[in-house]
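Across the two complexes that follow, chain A remains constant while its partner is chain B and subsequently chain C.
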Partner chain A sequence: MANVTLTKVGKVYTGDDGASFRAVEAVDLSIKDGEFCVLVGPSGCGKSTTLRMIAGLEEISEGSLEIDGTLVNDVPAKDRDIAFVFQNYALYPHLTVAQNIAFGLETRRAHRSGLIAALTGAGGARRDESQAIHARIAEVSKTLGLDALLHRYPRELSGGQRQRVAVGRAIARDPKVFLFDEPLSNLDARLRIETRTELRMLHRRLAATIVYVTHDQEEAMTLADRLVVMHKGRVQQNASAQECYERPANRFVAGFIGTPPMNLVDGHLKAGTFTANGVAIALGAEYARLGDRACALGFRPDRVKLVAPNTTGSVAASIAAVERLGDRTDIALDTPWGRLVARLDADVARSLREGDAAGVSFDSSHAHLFEAGECGGRI
Partner chain B sequence: MKRTPLTNAILWFVLIMGTAAFIFPLWWMTVVSLETPQRAEAAITGSAGIALFPPNPQFANYANAVRETGSVPWLGFVDALSNSIVVTVLVVLGTVVSSSAVGYAFARLRFRGRNPLFLVMLGTMMLPGQVTMIPLFLLFRQFGWIDTIMPLVVPAFFGNAFFIFMYRQFIAQIPESLVEAARVDGLGHIAIWWRIILPLCRPVTAICAVFTFIGTWNDFLGPLIYLHSDESATLAVALNGFKNQYGGLEDVHLLMALSVLTMIPCIVLFIAAQKTFVEGLARGAVKG
Partner chain C sequence: MSESSETPATPARKIGRFIRLGLALIAIVLVVAAFARVIYRTATSGEHGANDIVLTVMHWSGEGGQEEDKIVEDSLRAFEAANPGVRVKRLNPGDAGSFYTKLQTMMAAGEAPDVFYVGYERVANFASLDLLRGIDEFVAREEEARKSGDTNALDLAAFYPQTVDAFRFDGRRVGTGTLYGIPKDFTTVGFYYNKDLFRQAGLAFPSNSWTWDDYIAAARKLGELPGITGSEFVTWPVMVRTYLRTEGCEAIDDNLESIRVAEPNSVAALERLRAWRHNEENTLTSGKSKIATGASVFLGGKVGMAGPFGRWVVPSYRNIPKAGEANGFEWDFAPLPKGSAEANCVLTVSWSMARDTKYPEESWKLIKWLTDAKSQAANARLGLAIPTMKSVAESSAFLDATLPPANNQGYLDAIPESVVVGWPADPTFEQILGSTMDQGLKTGDLTIAQAVEQFNEKWNAHVAFVPGGVRPEPVQWNTFATIGIALLGGVLAVIAWLFLSGPSRANTRREERAGFLFASPWVIGFLIFMAFPILLSLVLSLTNWKGIGPLSGADWVGTDNYAQLLARDGRFHTAFQVTLYYAAIAVPGGQFLALLAAVVMMQKVRGIAFFRAAWYLPSVLAGVGVSILWRWIFDSEGGLLNRTLEFVGIPGPEWFGKDAALFGPPAFAIMSFWIVGGSMMVYLAGLQQIPRDLYEAAEIDGAGPVRRFFRVTLPMLSPVILFNLIMAVIGSFQVFTQAFVMTGGEPGDLTRFYVLYLFNKAFELYDMGYASAMAWILLVIVLVLTAIILRTSARVVYYESLKK
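So, the complex of A and B:
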C-alpha cells in the first residue's frame, strides 16, 4: 500500500492540426496510504484522464506524480504496481475466470524468474510459485464468492459476476494502489448499490489505497473517505463527502453534490437583503457585513419550508410537480426566482396538489452564498 | 417468410444446378483417374464420351501415379510431397505471424505516417504479380536463392497486404481496454500481440491460414520459376511431369490420379475449418 501524490499535474492533448486542448489542469492531490479517494464530476471533467495518468495509461503532460515517494512520471504502467478496474471490465475473453485472475501474477512471475532461472534449474521454485498462484486464486475467489465460476469464460457470466472477476483480478496481485474507472456504471441500479457496499467493505478489509472515478455523486459520497470534485479539468473541492455537502467550496460543487441538487439563485445582496428578479428576502443582520455585491444564493431542498401564499419573508410560488417517494416528497415550484425544488416529509406534503399556490421560505442560517459566475467561490 | 412448395422447388433446382456445376470438374477428374490409359486419352481428346462411372475402375492407377512421380520410383513422390509440406507450412506460418503483427501495429500503435503507410501497403495489392515477377527473379538470383525454397517462403514473412488489412479491421474492434489491461498486467506490445490479440483473432487466422494453405499448396508458377531440379520440385510442379514436352496425353490417367491425391489435404482442411471460417467471413461482412 502506498501514498499517491500529484503535484500540478496537467494533461494537454495536441490534435493533428496543432490545436491543443487542456483536459486536466494543475491538479494537486495527496492521497494517503489506505485512503478511499473518489474523483467525481460530470463527463468530460478530466477525472478519468487523471486516473489514467496515475495508471500510466496516459502520459503526464505537466507536473509530477509520486507513488510511495518515488517519481513515476516516466515509469511504464506495468512497473507502477497498480491495478486498474475498467468500466467494461476488460476481462480476457479467451481465458477462464481462474486464468484471468492469475494472468497478472503469472506475467510477473515470468518477469522475475526469466530465462536464466529456468536454465539453472529453478524448477522447484517455479513449482512453488505456481502453487502460490493457485493458493492466491483460491483465496481471492473465496473473498469474492467466485469459487463456482473459476472454470467459466467471461461470456458465460452475468454483468455482476464479471465485475467481481475484474475486482478479483485487481486484488490478486496485491498492488500498491487500486484504480477504478466507473466500475459500477454497467450494472443495474440494485446491483450497483449492493456492489457499492461490498466495495466499501472490501476496502476496509484490504486497507488498500483506492482511487475511484465516478460521475455518480451519490456513489461518490457513499464510498469516499475523500471526495475530489472536478469540473473542466480542475479540482473544485477536495474534502470529505460531508464537508463537500455542508460547506461546498463554490457554486459548481454546491450544484453538483446532493440529490436533488441545491437551489441556486443569481441575484444581488445589499444590506443583508437578497434580491433576485425584483423579489427580495431579508437574510439577517449577519449578512449585512458582506456589503453590496452580485452573488448567488443557495439553499438545499430539504431546508425549504412551504408556507401559506403571501406570508412575509417568503417567495410566491405555484406547485409545478409533486413527486412522491414514499417517506418524502419532492416538490417542483415555479417562482419569480425560477424553478426551485423542495424536499418535504411525506406527511407534510400529503395535502399538496399540482397547481396549488404556496410560499417558499427557508432557514437563512443554512443558506450559502457564492460569488457570481459558474464556479464562483463561497462567501 | 413461409416458403411455398413452388419457391422451394425453384430454390432446390438452383442449388442443385449450382452444386453440379461446381462438382463437375472434380467428378470428371476422378472418373478419368480411374480409367484405362486408352479410355482416359479418348475422354480427354473428346474422341469418346465420358462414362458416369468407369466400367472397369483402375485403382492401380493411383499406385502407379505415386510410383512414377519424379525421376526416382516412390521416392520422387515423397520428395515432392515433403517439399510441398515444408513450403506450405512455412508460408502459412510466416503469413499468419507477419500479417497479424503488422495488422496489430496498424490498428493499435500510434506512429507518425501510419495512415499514409497503410495506404501504400494497400496500394501494393493493385500490382499484378506478373509485373513484379521478373524484377523479383533478378533480385532473388542476386541473393543466390535460385533452386532453393527461400524465394517462395521468405516473402511470406513480410506480410500479405490483404490479410494485414483483414487483421487490422478485426483488431480495431477489440476494445482498447483489453490492451490497456494487459499493459497494466505487465505485458509489452509483443506479448500483448501474442497472448491477447492473436488468440482473439481466431476467425481471421482461420481464413488467412486456409486461403494461404490452398494458394501455396496449389501454386504452380512460383515453384516452376524458382525450383529447377527434380528433387526440389513441389507436388504441383511434379504433376506437370506427367505431360511430356509435346503435350502428349498418354499418362493423363496418372496425372488425374495424382491431382486427386494432391487435392485431398485442401478439401480436408476446408471442411475442418469451415465453421470458424464462415463465422469470420460473416463478421468481416458486417463490420469490415
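So, the complex of A and C:
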C-alpha cells in the first residue's frame, strides 16, 4: 500500500487545429496510505482525467505525480503497480472469470520467465508459480463470492457479478493503489447501494489506498474518507464528507453536495438584512459586520420551516409540488426568491396540499453566505 | 398542412423542384432517344423491305484492329447494295479468343451465325462436331457456270491449292475430303530480322534460301553485340511441327493417331533447338509466355531476329520508327530457314457456313463475295496476311514496295514447299503437344525424351477415356425436365403453404403479399439465373455434352467424368497441385500482410485516411489491365522485379519461363498480396470494434504491446480472421483472370490453375460435361476446406454471441 501525491497536476489537450483545451488544472492532492479518496463532480469536471493520469493511461501535461514517494510521471501504466476498475469493467470477453483474474498474475510471471511465454501466455512456467496463481484466484474468489462463477464467461454474468469480477481482477494482484472509475454507474439503484457497502467493507479489510471517481455525490459521501469535489478541472474542496456538507468551501460545493441540493438565492446583504427580488429577511446582528455586499444566501431544505402565510420574517410562497417519501416530504415552493425546496417530517407535512399558500422561514444560524458568482467563496 | 403547401416556395425548395424536374426531363429524353434509335433502325430497314433475308456474319479483328473491322463492314454494305433483299448483320466480338467463345455460345444456343471465320486449326474439330456445312455442291455449280462462260463464277484453281486444302476434311484428317470454307487469306512463316543489328554485327542479310546453320550462326554473332539477344524462337506446336519438317521429320503419323517425335532424327532436331536455347548465352531469348511472345520482344530493338511468325505481325511492326529516329531501325523478313529439307506451313482462315443456316444460297453468295479478288485486294492493304488468290497476291495490292517489309516475295517463295499443318479433330492433341514441348523446349525442365514420354502418357490417357463406353445412351432430357418441373412445383407449393398457413388476419395477409411481391424479383432471378444453371450443370457433369452443339446431342456417361478426373487426369492433378501451391503461399501470406497493414493503419497519424485509401485502391482496379502490368513486372528480362533483384545482387528467376514450376504460382501469390486492401479493410473494421478499455485493462495488468496484441487483439479479432481466412481460401481456388491474361496456363501446365483448366476444358477443348464435373468437384473441395477450417477453429475463435 502506498500514498499518492499530486502536485500542480494539469492536463492540456491540443487538437489537430492547434487549439488547446485545459481539462485539469493545478490539482494538488495528497492521498494517505490506506485512505479512501473520492473524486466527485459533474461530468466533464476532470475527475476521470485526473484518475487516468494517476493510472498512467493519460500523459501528465503539467505538475508531478508521486506514488510512494517516487516520481512516476514517465513510468508506464504497467509498471506503476496500480489496479484499475473500469466503468464497464473491461473484462476480457474471450476469457473465463478465472482467466480474467489470472491475466495480470500471468503477465507478471511471464515477464520473469521470458519472451516466449510472454508471446504465448503459456508454457515455460514453473509449477509452483501456477499453483500460486491458482491459490490466489481461489482466495480472491472466496473473498468476493465468485467461486461458483470461475468457469463462466463474462457475458454469462449479471452486471453485479461482472462488477465483482472486475474488482477481483484488481485485488488479485495486490497493487499499491486501487483506482475506480465510476464502477457502480452501470448497476441498478438497489444493487448500487449494496455494492457500495461491500466496497466500503472491502476497503477496511484490505486497508488499501483507493482513488475512486463518481459523479454521484451521495455515493461519494458514503464511501469517502476524503472527498475531493471538482468542477471545471479544478479542485473546489478537499475535505471530509462531513465538512463538505456542513461547511461547503464555495457556492458550487454547496449546490453539489447534499440531497436535495441547498437552496441558493442571489441577492444583497446590508446591515444584517438579506434582500433578493425586493423581499428582505433579517439574518441577525452577527451578519451586520459583513457590511454591504452582493452575495448568495444558502440554506439546506431540512432547515426550512413552513409557517403561516404573511408571518413576519418569512418569504411568501405557494406550494408547487409535494413529494412524499414516507418518513419525510419534499415540498417545492414558488417564491419571489425563485423555486425553493423544503424537506419536512412527514407528520408536519401531512396536511399540505399543492396550491396552498405558505411562508418560508429558516434558522439563520444554519445559513451559508457565498460571494457572488458560480464558484463564489464562503463568507 | 394544406396551408404550407400553398405558401410560396422557399428558395431551397424551388431549387429542389428544379433538380427533380431536370432529372425527370433527362430520364424522359434518354428513354425517348433509346426508342427513337430502335424506331429509326426499323424504319430505315424498311427501305430494304420487311421480308428481307437477314444473314448474320461474325468475324474477329485481332491484329487488324479497327481497320479490318472497317474493311469487312464496307465489303458487307457493298454486298447489300449488290443484292437487294438481303441484309447482313455483322458481329465482331474482338480478338480470336472472344470470337470462338461467342461462337460456341451461339452454337450451343442453336443461333449460330450464317457465315463466319474458321481458322485452319479448328476446321477438323468443327466439321467433326457437325457444325459446318460442306460447300462442295456450290463449288461444283460454280465450276459448271464457269464452263458455260460465267466470268463471275468462282474458280478454285485461282487460289493457292494449299490454302483450299486446309479446309478439306474427310472425317479423319485435314487436306482431303469435303470442303468446309473458302480461305480468305493466309500466311507462310519465317523470321523478322533487324537490319541495323545485322550491319552492326557485320552479317549479310538472310537470303530466301538460307539454312538453319546460317540462322544459328547469325544468332550467335548477334548475341555477341552488347545487350543484344540473337533471336526469339517461339515454340508453338505448329512452329515446332514446321521446324521438324525442315529436318525431314513429321511430328504426327499419317493417321493422326500418334506422334512421331520419338524418332531419332526428330529427337535430334529438337535437342538441337533445346541446346540453342538452354546451353548458350544470348543466342535465343529464354522462355516467354503468352503476352511477351516475339512480336513485342522485337519492337524493342534488342533482339536480332524474331519468329517463326507469319504475316500477322506486320501491322504492328510497321509502327517501328524509321532507322535513325528514336528507337527506330530497319527490318525485313526472311522465310523459314532450310534444314535437310525445305518446308514451310500455311496458316489460314476461311469464311465458312453454319450447317444449320436457313439461307445456304445467300450465304454462299456472301462467302463468294467476301473471298473474291476485290475483297481480297481490299484486305491485302492491311498487310496482315497474303491474299489466297494468286493473281491478287502477285499484284501490287500485296507486293506494295512503299511499305516494309521489302521482302514480300519471301512469303510467296515459301509457298511451293508449304503444307497445311493438319491436326487431329480433338484439340486436346495440340494442347498436350504444346504443353509438353514447352517443358522440353521453353522451360527446359524436361529433356526431349522425357517430354515425348509425358506427351504419350497424357495423350494415351486421354484417348483411353471414352466416357459412357463405346455406345453411350442419349440423355433422357424428358426425365430431367419432369424432375425439374416437379422440383419447381414443390418449391412453389412450399411457398404457397408458408403463405397460407401463416396468421390469416387480413392486414397481415396484405403485408405478406407485399413482402412476397418485393422479394419476387430476386426469387425469380435466383430460380432462373442461379438455381436452374446450377442444377443443369450437375446433370451435365454426368454427360459428355460438348458445349458447342444443342443439348439433345449429349450422351449419358454416368460418373465417368468424375472417375477420370479423380483417378487418371494428369492435367487435373497438376492444376490442383498448382492451385494448392499458390493457396499455401497466398492465403497465409495475404492474411498476414492484411492484418499487419490494418494494424499499421490503426495508427493515429496525420493523413492516415489517404494511406488507407491508397492501400485499398488496387483492390478496385480492373483485373485485365492490372494483370498485363504485372506480367511486365515479372518479365524475366528487364521486368521491374528482376531489375530490382539484380540491383541488390540477387539473380531473379524466370518466373514464367524455365523456373515456372517453382516460381510461377508464387509469382501469382506475390501479385495477390498487392490486393490485400479488401481484407485489410475488414480487419480494420474489426480492430476498431475492439473496445479501447480492454487494451487499457491489459496495460494495467502489465501487458506490453506484443502481449496485448496476442492476448487481446488476436482473440477479439478471431471471428474476423476466420471470415477472411475462409474468403481467402475460396478466392485462392478461383484464380482465373490473372493467370488467363498473364500466362494462359503456360509454360507447360505449370501455371494452369484449377479454374483455368476448367475454362480450358469447357471453352477451348469443348468438353462442357467434363468441365461441369470439375466445377462440382471444386464446390466439394471448397466445402470440405471450409468445414475443416470451421471445425478446427471452434476452439480458438471467440464469438461474442455464439459460444456457450
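Criterion: the second predicted complex is superposed on the first by the 368 of 379 C-alpha atoms of A that agree within 3 Å, B and C clash if a C-alpha of one lies under 4 Å from a C-alpha of the other, contacts with A are read in each partner's own complex, and residues count from 1 in each chain.
Heads up, the rule we're going with is that contacts are C-beta pairs under 8 Å (C-beta built on N, C-alpha and C of every residue); 3 or more make two chains touch, one makes a residue touch a chain.
Note that this is a predicted model, so its numbers are computed, not measured.
In the overlay built on the shared chain, the residue A:Leu352 is in contact with neither chain B nor chain C.
By the touch criterion stated above, A:Tyr153 is placed in contact with chain C alone, chain B being left untouched.
Annotation for chain A, partner touching more residues between chain B and chain C: C. In the overlay built on the shared chain, the residue A:Arg108 is in contact with chain B and with chain C. In the superposed pair of complexes, A:Leu202 makes contact with neither chain B nor chain C.
After overlaying the two complexes on the shared chain, residue contacts for A:Lys78 are found with chain B and with chain C alike. In the superposition on chain A, A:Ala55 makes contact with both chain B and chain C. Contacts of chain A with chain B, set against its contacts with chain C after fitting on chain A, overlap at residues 55-57, 76-78, 82-84, 86, 88, 90, 92-94, 103-104, 107-108, 111.
Residues 16, 55-57, 76-79, 82-84, 86, 88, 90-95, 103-104, 107-108, 110-111, 118-121, 153, 155, 169, 173 of chain A touch chain C in their complex. Touching chain A in their complex are the following residues of chain C: 606, 691, 693-694, 696-704, 706-707, 710-712, 715-716, 718, 798, 800-801, 803. By the touch rule above, chain A contacts chain B in their complex via residues 55-57, 76-78, 82-84, 86-88, 90, 92-94, 103-104, 107-108, 111.
Interface residues of chain B facing chain A in the complex, by the touch rule stated above, are 175, 177-178, 180-188, 191, 196, 199-200.
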